[in-house]
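Same chain, two partners: chain A is paired with chain B first, then with chain C.
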Partner chain A sequence: MNNDILTEDERDVLQELMNIAYGGATAVIAEMLEAFASLSIPNIQVMSVDELLKTFEALKSTSYFFSTQAFNGEFSGESAFFINEESANNLAKHLELEDRDDLNDAILELTNVLTSSLTTKLAKELETEVGFSLPSISKVPLSEINDVQTFKIYSKVIVIDTELNFQDQQINGKIFILTKDESIQWLKIKLNNILDDLM
Partner chain B sequence: MKYLVTDDSKLARRVLMKALLPYTDEQHIYQASNGLEALQQTLKERPDIVFLDLTMPEMDGYTALPKLLKIKPDIKVVVISADVQEQAKEKVLALGAKFHIAKPINSEKLKEILESLQNE
Partner chain C sequence: MAQNKTQQHFRRLDVDKEILSVINNGVIILDEQLQIHYYNKWMQLHTKLKEDNVLGKKLYDIFPTINKKTLIRKIKTAFKINTPTFYAASSSNYLIPIKINQIKNSIFQYMQQDVSIIPFEQDKQFVAVIITDQTIMANTNALLQTNIQKVKELNQALIKEKEVTEFQHKQLLSNSRSAAMGEMISMIAHQWRQPLSLINTLIATLKIKKELGVLNDTILDNSINKIEKTTNFLSHTIDDFRDYFKPNKIATKINLFNLFEKSLFFLKSELKQLDIEYTIDINSNIYIKTYKNELLQSILNILKNSIDAFKENNIKNKKISVIVVKNEDSVLINIEDNAGGIKCKNLQQVFEPYFSTKSKNGTGLGLYMCKTIINEHLHGNISIESDENGTKVAILLPDKV
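Up next is the complex of A and B:
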């Protein structure tokens, strides 16, 4: 894995900032779904889009609900939320949803709340502001994940990967926060400013 | 007291409506799934309090907010959004919202807000 774009120190700082952002997000999700929820400690990697697609392929489920939401500003990119069919069905049961439209709606709102709470908290730590587009959803068979056009605009991406788990509900999802190339340069400067302050 | 719940997510509307039920009958809670519908509902039903999401299709919360106040100047707008940035908060308060609260709303937060709106 090529992690050259961020130095070890830079990645450590970003990891620390993400941990702070995640603290709040867990509580938000638990409240929204009225269930005990946990988010795994985010794993930060820099990879090419090809490598990213391989990561998706390794998710080992036949079909996924997949929703994305773009954020923009000095720090810009996209968050992608994956939830497999089984988990989606458990989510529907837990929330007593009536049909497929309601399930799409619930996944979109989950994506919206997760993306907004994570990126706004991270943006705050980075002393910037971000705006959001509407989230969108699709259901993709894993065999077609390579065709997902939305990722093609990125070359190298910082992937912030975490898992969302509901202990009693067997619902888990994966969140990826993808940052645009120009944001990576901006981010490096910010992270170094923070590092300098720490020294 | 009449309430209007505006959010493009049915789940988000459901969460808020459930929290509102201790304070009113279901028939006094109206729903809208975007800013445009919120304006139409406000013209028709004349709600006292509007809960308003920001990120919505058709017309977002920022655009709808001043229009709601134009239709009904004494309407009380409470913005409920997952965007917790200072900038968003300042913007909606400047546009005339009474509160800006982080999603998702819970019963304690709602209680506080309703009490404070009542004391105005």
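Up next is the complex of A and C:
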């Protein structure tokens, strides 16, 4: 068993679990924002942090609101949510927000909802619990993304990314669920338990 | 047994309550309509409101600054996702307005708060609102932001400064080239004075002889030959100067004896005119690999300085002496004069650009250029010492650049 990388079977199981999780998340967000929202089917990849930073760069918008939130427990890690300036402004309009602080707050809330609903659902399927830290936000010019220290603590990450779309409001963002090294080990064991049950 | 279990249960509840009343966080229990069901001691102390005065009341009635819509949305969302929702001090500043009295916290008037809204799982009726004081952290952050801004500004200024310096350096180089050109022209002028006057004299003589009717073919041929020889010399001088003032692109092996002979050739008319004794003590087979013209320019510059110093000071027995010593992998060139020396206060500045003590025609770039060439181009070193008798310049060069 390779220590870093998920086997095809493991990835399939994780994909299935994520499919269940993202369905629930979509419903919560739609209700919270009173708008028709959709999440794309989560895409699961294992990559190095360097590759991850390149993925962020590939988002190609010049300026992003970028928020992160840590989650803890047997399944622990961090989520990173990107929303470009245009989408953020549309979100502000939709929520009738008055100033920049309100917008930051709304983005944090969106981050929290996405992180919570995606990870709690997943954790439940994996028979564990997660706790959440306060999310934090910064507006980062993409050219400075390499300076974001927060990801440097990971060596390999499982990246679960999904796109959030509000069709009528033209709001879209991208969320990455990143899991730490030891969590990958834990996750592999859990996924294999599920696989054994299926056999 | 059953009673025992009940007792344990009660005791645990007491512990929970005790902790809630002493904990260093604000705790409020609310329902979805924002009615207050619990208000812990921390809240009572910080808001100066007794529990009895707030229980059963709506939170927004007590604190009218609260955005009702947002708070209700957060509570509903917390129920929906069954995990906490938050207000972060970094973006929302605070939920409950609590004035701070500490003078130290000068940036904020109100306590900065992180707020977690935690749903009670079973009945989905109540949430616990937990408030954490983050003022110190927020202060530190604000300070950090100011400092980051300052560093950015300083960095900008530095980049600008660098651009200016680079521009000035370029300008300096171009000025140096002009100065070198000026030196060259003045040397050519000295070289030309005598041959030109020779030509002049020859022509004048021819004219007189013709008028007197004594001009014959032999005299004419002789004179024309002399004039031809002299103009050839003039033209040769120009070529020589041009060759030596072109920068070398590649280092070549040169004989230092020949180089100093050349320096003598360029300066001899001026040395003669001022009656300066010029001695060179050098072994005729010292070779080094370097940029010939750059080295010659530097040496000429130093020798010119000595000559100029003699013009300003009236000295008997004027002398310039050069001694070249070969070491294992370097060469030391000493150029010494007895022209009266450099004033002590000026000595430290002689290598700085635009520093000149010459009464006229001093660009202040000569020695600066020498130092730049010797240090950066020839990878050598130049030093200068002086007393009231004279000045001694030492140039140390590697035998291979």
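Throughout what follows, the second predicted complex is superposed on the first by the 195 of 199 C-alpha atoms of A that agree within 3 Å, B and C clash if a C-alpha of one lies under 4 Å from a C-alpha of the other, contacts with A are read in each partner's own complex, and residues count from 1 in each chain.
The working rule: a contact is a pair of C-beta atoms (placed from the backbone, for glycine too) under 8 Å apart; a residue touches a chain by one contact, two chains touch by 3 or more.
Since the structure is predicted, the reported quantities are computational estimates derived from the model, not experimental observations.
*Asks:* After lining both complexes up on chain A, report clash or fit for chain B versus chain C.
*Replies:* clash
*Asks:* Touching A:134 in the superposition: chain B (first), chain C (second), both, neither?
*Replies:* both
*Asks:* Could you look at A:175 and tell me whether it touches chain B, chain C, both or neither (first, second, both, neither)?
*Replies:* Once the two structures are laid over each other on A, A:175 reaches no partner at all.
*Asks:* Figure out whether A:39 sits in contact with chain B (first) or chain C (second), or with both, or with neither.
*Replies:* A:39: touches no partner chain.
*Asks:* Considering only touches as defined above, state whether A:113 meets chain B (first), chain C (second), both or neither.
*Replies:* both
*Asks:* With the two complexes superposed on chain A, say which partner A:123 touches: chain B (first), chain C (second), both, or neither.
*Replies:* Touch partner of A:123: chain B, not chain C.
*Asks:* Mind working out whether A:184 is in touch with chain B, chain C, both or neither, as first, second, both or neither?
*Replies:* In the superposition, A:184 contacts neither chain B nor chain C.
*Asks:* Is A:105 in contact with chain B, with chain C, with both, or with neither (first, second, both, neither)?
*Replies:* A:105 sits against chain B and chain C alike.
*Asks:* Where does A:14 make contact in the superposed view: on chain B (first), on chain C (second), on both, or on neither?
*Replies:* neither
*Asks:* Considering only the listed stretches 26-34, 278-286 or 350-358 of chain C, which one runs into chain B in the superposition?
*Replies:* The segment of chain C occupying space taken by chain B is 26-34.
*Asks:* What is the shared patch of chain A, the residues that chain B and chain C both contact?
*Replies:* Touching chain B in the first complex and chain C in the second, residues 28, 31-32, 102, 105, 108-109, 112-113, 116-117, 120, 132, 134 of chain A appear in both lists.
*Asks:* Going by the contact rule at the top, pick out the chain B residues touching chain A in the complex.
*Replies:* Result: residues 8-12, 15, 55-57, 81-87, 102-104, 106 of chain B touch chain A.
*Asks:* Under the definition above, what is the set of chain C residues touching chain A in their complex?
*Replies:* It comes out as residues 70, 73-74, 76-77, 80-88, 90-93, 114, 116.
*Asks:* Enumerate the contact residues on chain A facing chain B in the complex.
*Replies:* Counting only chain A, the residues touching chain B are 28, 31-32, 95, 102, 105-106, 108-109, 112-113, 115-117, 120-121, 123-124, 129-130, 132-134.
*Asks:* Touching residues of chain A toward chain C in the complex: what are they?
*Replies:* It comes out as residues 28, 31-32, 101-102, 104-105, 108-109, 112-113, 116-117, 120, 132, 134-137.
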